[in-house]
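Listed after this line are the structures, all set down as structure tokens.
After this come two complexes, each holding chain A, first together with chain B and then together with chain C.
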Partner chain A sequence: MEWANAVVQGLLLGGLYALLAAGLSLMFGVMRLVNLAHGALAIVAAYLSLVLVQKAGMPPFASIIVVVPIMFAVGWLLQSTLLNGALNRQALAPILVTFGLAVIIQNVLLAVFSADNQSIQLGDLAGASIHLTDSIAIGVFPLITFAVGVLVIFLLQQYMARTKSGRAMRATSDDREAASLMGIDNKRIYALATAIALGIVGIAGTFLGMRTQFNPYFGDVTLIFAFEAVIIGGLGSLWGTLAGGMILGVAQAVGAQAYPSSGVLLGHLVFLAVLAFRPTGLFPKVVNG
Partner chain B sequence: MSALDVAQPGVAQVKRSTRASYVGLVVFVILIGALAVGPFAYLTKGNQQNLVTLFIYIILGTMWNLLAGYAGMVSIGQQAFIGIGAYGIVYAADIVGVGPIVAIPIAMAIAGVIAYLVSFLAFRLSGGYFAIGTWVIAEVIKLLTTQIDTLGAGSGISMTSFRGVKPEIRIATVYWIALVSVVLAVLVTYLLMRSRLGTGFTAVRDDATAAATLGVNVTRSKRIVWVVAAMGCGLAGALLATNTLNVQPDSVFSVQFTAFMIFIVVIGGIGTIEGPILGAIVFFALEHWLTDLGPWYLVILGVIAIVMVLFVPQGLWGLISGKGRISLFPTGLRLTTPADILTKGTNLTINETS
Partner chain C sequence: MSLLEIDTIDVFYADFQALYSLSLHVEEGETLAVIGANGAGKSTLMKTIAGLNRPSAGEVRFDGTSIAKLATHKRVPLGIALTPEGRRIFPSLTLEENLRVGAHASRPGPWNLDTVYAAFPLLSERRSRLGTNASGGEQQACAIGRALMSNPRLLLLDEVSLGLAPVVVEQIYAALPSITSQGTTVLLVEQDVNQAMKVANRVQCLLEGRSVLEGTPATLSREQIASAYFGI
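The block that comes next holds the complex of A and B.
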């Protein structure tokens, strides 16, 4: 039953990975930009929430209401100042610029907050759980995280499918020039996509900070886990990303159950196995959204 | 360099060498000679160890440039091969017992074989996802290495085969090995890029589809570059181990190395042989001047790198050489047309020389 418990915990963890991966997936889907600063930005959100909770005394969940608009604005500014410029230059520019950005963010965080582990205190909620059987207990907080992950994916998909700007994003994704001829302002659409992506990163980072201890170096693994969820699930499919996150979560939880230090390794190996045998991912979908 | 090299009136010539490249060759030979005698004359032990670090940076920059600058592959996982090289030399030299010098090619070979094997996974991704994919592979190799007790598991391993050797002899030996290594690394890259293979790589970088239709085997070319770059990084890792005598998994497998490679190449100039050499020297100097700043040093480097990518994409070497008009290591061919051909429209005879 310990194994069943590990699987359940892993599935719930997948909700967090899907939250972390959704923004990465969105930016790649809309403008073929792989944001290597994605993980570092999630950690920025965690620190923002930490400051709001510790210095301003906000309740942890309420801090999300402040963090998300800030990250949304950061995303808009980032895209319209730096990334749109990078996209117009040589092919390697976006990768190099976002990598440079990740290095900058990580080291600014190190300078300001040091390398000490931090955590956002949840109080009673941290230990609260629902006992399904004697050995399977579902933590209330992981359950909330999972529910938020599913909700965000659902809303993002509805947004892409049903709204005017969502349609514009898909059009730009399919054919940039044609979309531009139809009167779509690509630069504005890109800025909006990155703003939404970072808004979701804001939620993801805050939940990450509430779930586990973190420090500035956490951006690296965060990026890697988000990326693995995207690839396992299949490019261009948001529900696939959720499934990918859950598979990664289960692999890590089961690995950790088998041998405490090998959870992350088993997650990587599952990712590599998918790459070897199903390189398009398990739930591929060509059209975004 | 036959009689054809002498300009003949009315004949256009395709040639590679320029006056700058002859001057450059002479300067480099003198410089290498001066560096080679350094330990006998003017270099202290500390100087030599610092120069080994600089040589390692030049090798790393050259290898990353080979990947990204020539073959268009941005890897964030080259630390995998640095780590393999560092562990490889300690394993071969100390545990197998072949001695440190023979152990270097063995370490490089291990890096090359592993690179060849993982290329079949990594090459399923492209662009930015290839970048993160190589990083995951590096993490897996690090995690697997730390499971091996013979290699010291999580706590690392010390290199012991230099024990009993006088420090000044050890340091000078490592210095000379590093000097030979850096010359070979640059030379191999240069010759590779001049070859038919190199022309193919450039074609692949500029337009993979067009290159493929012209008969360039894209995947094969990329795989060769990938393996050579991994062996070069393995060499750098082996030198690192001989210079510090201590191999820590979190240190040799650190993604920071790849960040350094990117800074070196972006600052110096991507896609040229000279760029990474210049970039490594600048990076080495910046590291010494700014190291007291702690994390802000990397912040400054990150800002410089972004500014270079966006506004000076040809790098410092590009600025100095006037966008490639001066080339110390010319890889491309250039056409020299006597003015009278252009004006009189005489028959154009092209003689290829090197």
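The block that comes next holds the complex of A and C.
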């Protein structure tokens, strides 16, 4: 039963990883841009929420309502001022630009908040749990995180499938030049994609900050987990990203059950195994654009 | 005033010059066919009108205003739609979604999903098929329908018969009268001279990036066209 418990906890953790990975997956899917500042931006969201909770006295969940629009605006500005320019240069440019951005963000956070660990206090909710059996208990907060993760991926998927701008995003992803012949401004579509991606990062970062302690260096490991979830699930597939997050979460939890200090290691090994045996991921997009 | 006026343009791909001081005009409501051999510059001309290429010299005027420096996506709202060579259907979208993307600029006009399906019955049955799984004819019909969905004043058709079976080409061209009868101006590029002569009010022949012959199908003789086409 301890193992079953580990799997359940891992699945719930996977919801958070999926939430963290969704924005990365979206940006890669729409414009083939690997955003190396993704993790750092999630930590920015966590600090934003922390400030709102500590200084403005907002309840932790309410802070999301403020963090998401700010991150959305940051995404729009980032894409239209910096990343659109980088995308028009050679393939290495966006990677260098976002890598540099990650370094800058980390150092600004260090200067402002120091390297001390911080956490967003949840109060009673942090310890609340539902007992399923004697040995399996589901934490209420991890359950909420998981539900939000699934809901966000579902809404994003519906947005891409059913709305005019979602369709334009998929068309631009397939063939940018043909999309411009339809009157689609690809710079605008890219700005919207990054804005949505960072809006989701806003939710993810806030949940991350509520779940664990964090500091400015936390962006690196966040990026790695998000990246692993995307790769395991298959590039460009949103449901794949959810599955990838859950697989990574289960691998880490089961690994920690076996050897308490090496949970993360098993996660990495699963990721490497997928890369070695199924480099397109477990649920790749059917169509190669 | 012509709907489209191309005034002595030069177009280059890096060091290679594709068009040499080319001039051409299209009147509102007419169908002009541009013919010529491979490499004559026909597709370059179409891309330049749509905005995918920029002329290094000369002017492109649409309805009297210069569009030579206008971005591609800003030309669609003015009423210019290109059905590109090779169709360029969005592979991960269904055919119907492809058509809906064509309506992105949402210009008002007679064309919508229903009228496009009426003009291309073969599309109607295949609407939920993914672009990548559609046949060449379905893709071509979809590419034309997609361009029509923007309700263009000027429809640019680049090599619509390329790689299609004759019976499919016939089906595609059968829709042309329903397009021109709406008052839509058509500029089409064809390698198949007979097909071009059948549907056009006027033909213009390009040879190695220059215009070498222009006239109505009735006044041009086969010999004139053959010598202009091959440069002999």
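FYI, the second predicted complex is superposed on the first by the 285 of 289 C-alpha atoms of A that agree within 3 Å, B and C clash if a C-alpha of one lies under 4 Å from a C-alpha of the other, contacts with A are read in each partner's own complex, and residues count from 1 in each chain.
In the analysis below, a residue touches a chain if its C-beta (ideal position, glycine included) is under 8 Å from a C-beta of that chain, and two chains touch if they have at least 3 such contacts.
As the structure is a computational prediction, the values presented were derived from the model and not from experiment.
Novice: Taking the superposition as given, does A:Val108 touch the first partner, chain B, the second, chain C, both, or neither?
Specialist: First partner only.
Novice: So, A:Leu269: does it touch chain B (first), chain C (second), both, or neither?
Specialist: The first partner, chain B, only.
Novice: I'd like to know which partner A:Val150 touches here: chain B for first, chain C for second, both or neither.
Specialist: neither
Novice: Is A:Met182 contacted by the first partner chain B, the second partner chain C, both or neither?
Specialist: A:Met182 sits against chain C, while chain B stays out of touch.
Novice: Now for A:Leu33: first (chain B), second (chain C), both, or neither, which partner does it touch?
Specialist: In the superposed model, A:Leu33 contacts chain B only, not chain C.
Novice: Touch test for A:Gly85: chain B only (first), chain C only (second), both, or neither?
Specialist: first
Novice: So which one touches more of the residues on chain A, chain B or chain C?
Specialist: B
Novice: Return the residues of chain A at which the contacts from chain B and from chain C coincide.
Specialist: none
Novice: In the complex of these two chains, what residues of chain A are touching chain B?
Specialist: Within the complex, chain A touches chain B at residues 28, 32-36, 82, 85-86, 89-101, 103-104, 106-108, 110-111, 220, 223-224, 227-228, 231, 262, 264-265, 268-269, 271-272, 275-276, 279.
Novice: Spell out the part of chain A that touches chain C in their complex, as residue ranges.
Specialist: Against chain C, chain A makes touches at 164, 167-168, 170-171, 173-175, 177-186, 285-289.
Novice: Enumerate the contact residues on chain C facing chain A in the complex.
Specialist: That would be residues 50-52, 71-74, 76-77, 81-82, 84, 88, 90-93, 97-98, 100-102, 104-105, 130, 132, 146-147, 150 of chain C.
Novice: Would you pull the chain B residues touching chain A in the complex into a rising list?
Specialist: Residue positions touching the partner: 68, 72, 74, 76, 120-121, 124-125, 127-129, 131-133, 135-137, 139-140, 143-144, 255, 259, 262, 266, 270, 294-299, 301-303, 305-306, 309-310, 313.
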